[in-house]
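Several structures are given next for inspection.
Presented sequentially are two complexes of chain A, the first with chain B as partner and the second with chain C.
For the complex of A and B:
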């Protein structure tokens, strides 16, 4: 099970994005500044953005799901119940887990951005996919929800790719990728990736400078590395 | 055509000419062929086809009940083509500059601002439709007639939310009424000729052609 990008390229006016690399099973983090092309890459990998050049080969991937950055753009149901059903998710369970019990007939568009993002992620993460693409999954969430989402993401069995500029609460990841100057770069596996990764989270950077680099970028790993210094 | 003043005036004159008489519509269509990108522009704006289909439907109804459907269809088709050309050529800010040039810093500014916001809203709705279609594809839902109501609800909700944001932004910036703007316009070499012939079309549209031929005989 993998996804291979072979000089997959999108050219648009004066902007272009080129991506080469293989995404294997596990959690991948794609970082980059705002406007670098993270969302475009997510759409390319989902097959929703036509390539100008190159190819994307899906190896033994039968199911794919993309979660867009703005949850309201993926709403298709008139009520919360209909919205859950449109994702193929059990409404009762999802509404209970997101604290929306008793609001099954409410319009999804009347929820706050945070509530809608919670509902959206609960629906997306309720099923397992061979390829799960999450575009900015932590935006509009509080720390507690971010941590919960990280735990769920870590348990996903297929290839999970997170496109984010989040710098604090992140899940334990298998590989780091970075988009800069219109090109996707494979920074490799952690902790070696820290040397090549330009968007290393500040806490990780500080701990590395102090001679105690965390084994991974999750809060647990960062705490553990911090404790090593104190101990 | 680069000068928005001539473009908007020509579109208004030609639309009226096309509406009031059949030969006015034919002349306006000839003007559209000569002074606009024509068919190339019509193929770029996908809304042309559904609008023509709706017009064709109502023309058919009119033809059955009053017998004037073909004339109505020709006249409305020309108006739609001129409208599409005006929409396709319009650049952000042109309504505002034209309106201020015509009506001044107060009423002109307000009117232009409303027109600009309307155009921006149309552009956002078009982008939203694309995103909703992507969402339906991601979820494995079929996009069709049954998607119209939920799709429309999302579009209206989005438009209202954006309108609220714009209103708040204007209020925060202290907008009450009117504003200062120095209108500047680009001019194309064919603009005066296009404007002149648009006026000619309007003049000829007002001439009762049948009576002219009777007098000639």
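For the complex of A and C:
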């Protein structure tokens, strides 16, 4: 199971993005500054953005899901119950887990952005996919929900690719990628990737400077590394 | 001073709260009433009961700048330039030359001059937030209200935007954020839970109550 990008390229007026690399099973993190092309790459990998050049080859991938950055763009149900059903997700379980049980007949678009993101992610993550593409999954979630989402993501069995600029609460990841100046770069596996990764989270930088680099970027790894210093 | 007295609005219950000038960050779980609080301070929503007073005036007669948590719900116009110009044009008391100069100066301060002639629909989520923020700042509001504006910005850009906000001259900035590394850089911090303000004070005061929760800043756990 993998996805291979071979000089997969999108060219617009004054902007282009080129991506080469193989995404194997596990959790991948793609970072990059605002407007660098993270969402475009997610769309390319989902087959929703036509390539100008190059190719993307799916190896033994039969199911794919893309969670968009803006959850409101994927709403199709008139009520929360209908919205859960549209994802093939059990409404009672989802609404219970997201604290929205009493609002099953309200419109998804009446929720706050954080509540809608929570509902959206609970629906997306209720099933397993060979390829799961998550565009800014942590934006608008509160800190507790970010932590819970990280735990769920870590347990996914297929290829999971997270496109994000989040730098505080992140899951344990298999491989780091970075988009800069129109090109996707494979920074490799952690902790070696820290040397090549320009968007190393501040807490990781701080611990590395203190001589205790965390083995990975999850909050558990960061706390463990902090404990090593504090004794 | 922003004075809130006996406020009741949706799930929000605030008996008494005073907010001084400077940057106030609002944090707390999703659905705890943060956005409703901001809407009451902006005058977008009228409370069922109680009052919000900004230096003695109600919000609806106070110059406010507002950035919505849904970037697409901020924007009215197709072209970036027109969107940023709109608050000045709606006032109907500003000459075209002054509007043009104001838009360009604001765009320059936000480092988005290159976006002025772009179509809004072509922008990334973060770029839309920058445009919304520029439109909120172009008329030099007294109160700037930002609802999770930073959830679409990378750390470097968020830092630059922070500098722009501090230099804006807005007497009061109230911002909701889910980035605790941003919240620590505030003059005042409010923690909301289930529609109530449960902790207020400086970031150090408030986070002292939040130790061992997911809200405690990750950097502080590393000794920063």
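Heads up, the rule we're going with is that the second predicted complex is superposed on the first by the 231 of 231 C-alpha atoms of A that agree within 3 Å, B and C clash if a C-alpha of one lies under 4 Å from a C-alpha of the other, contacts with A are read in each partner's own complex, and residues count from 1 in each chain.
The working rule: a residue touches a chain if its C-beta (ideal position, glycine included) is under 8 Å from a C-beta of that chain, and two chains touch if they have at least 3 such contacts.
Remember, predicted model here, so these are calculated numbers, not experimental data.
When both complexes are superposed on chain A, chain B and chain C occupy overlapping space and clash. Of the two partner chains, chain C is the only one that A:147 touches; chain B does not reach it. Touched residues of chain A, counted separately for chain B and chain C, are more numerous for C. Contacts of A:11 after superposition: neither chain B nor chain C is touched. In the superposition on chain A, A:66 makes contact with chain B only, while chain C stays out of contact range. In the superposition on chain A, contact of A:57 is made with neither chain B nor chain C.
After superposition on chain A, the stretch of chain B that runs into chain C among 63-71, 135-143, 171-179 or 189-197 is 171-179. Touching of chain A by both chain B and chain C, each in its own complex, is seen for residues 72.
Residue ranges on chain C touching chain A, taken from their complex, read 28-31, 35, 69-72, 123-127, 130, 148, 151-157, 178-181, 213-215, 217-219, 221-224. Taken together, the chain B residues at the contact with chain A in this complex read 128, 131-132, 134-139, 141, 147, 149-151, 153-154, 157-158.
Across the complex, chain B is touched by residues 43, 46, 48, 65-66, 68, 72-78, 86-87, 107, 109 of chain A. Those residues of chain A lying in contact with chain C across their complex are 32-35, 39, 69-70, 72, 99, 112-115, 117-118, 136, 139-147, 165, 167-169, 199, 201-203, 206-207, 210, 219, 222-223, 225-226, 229-230.
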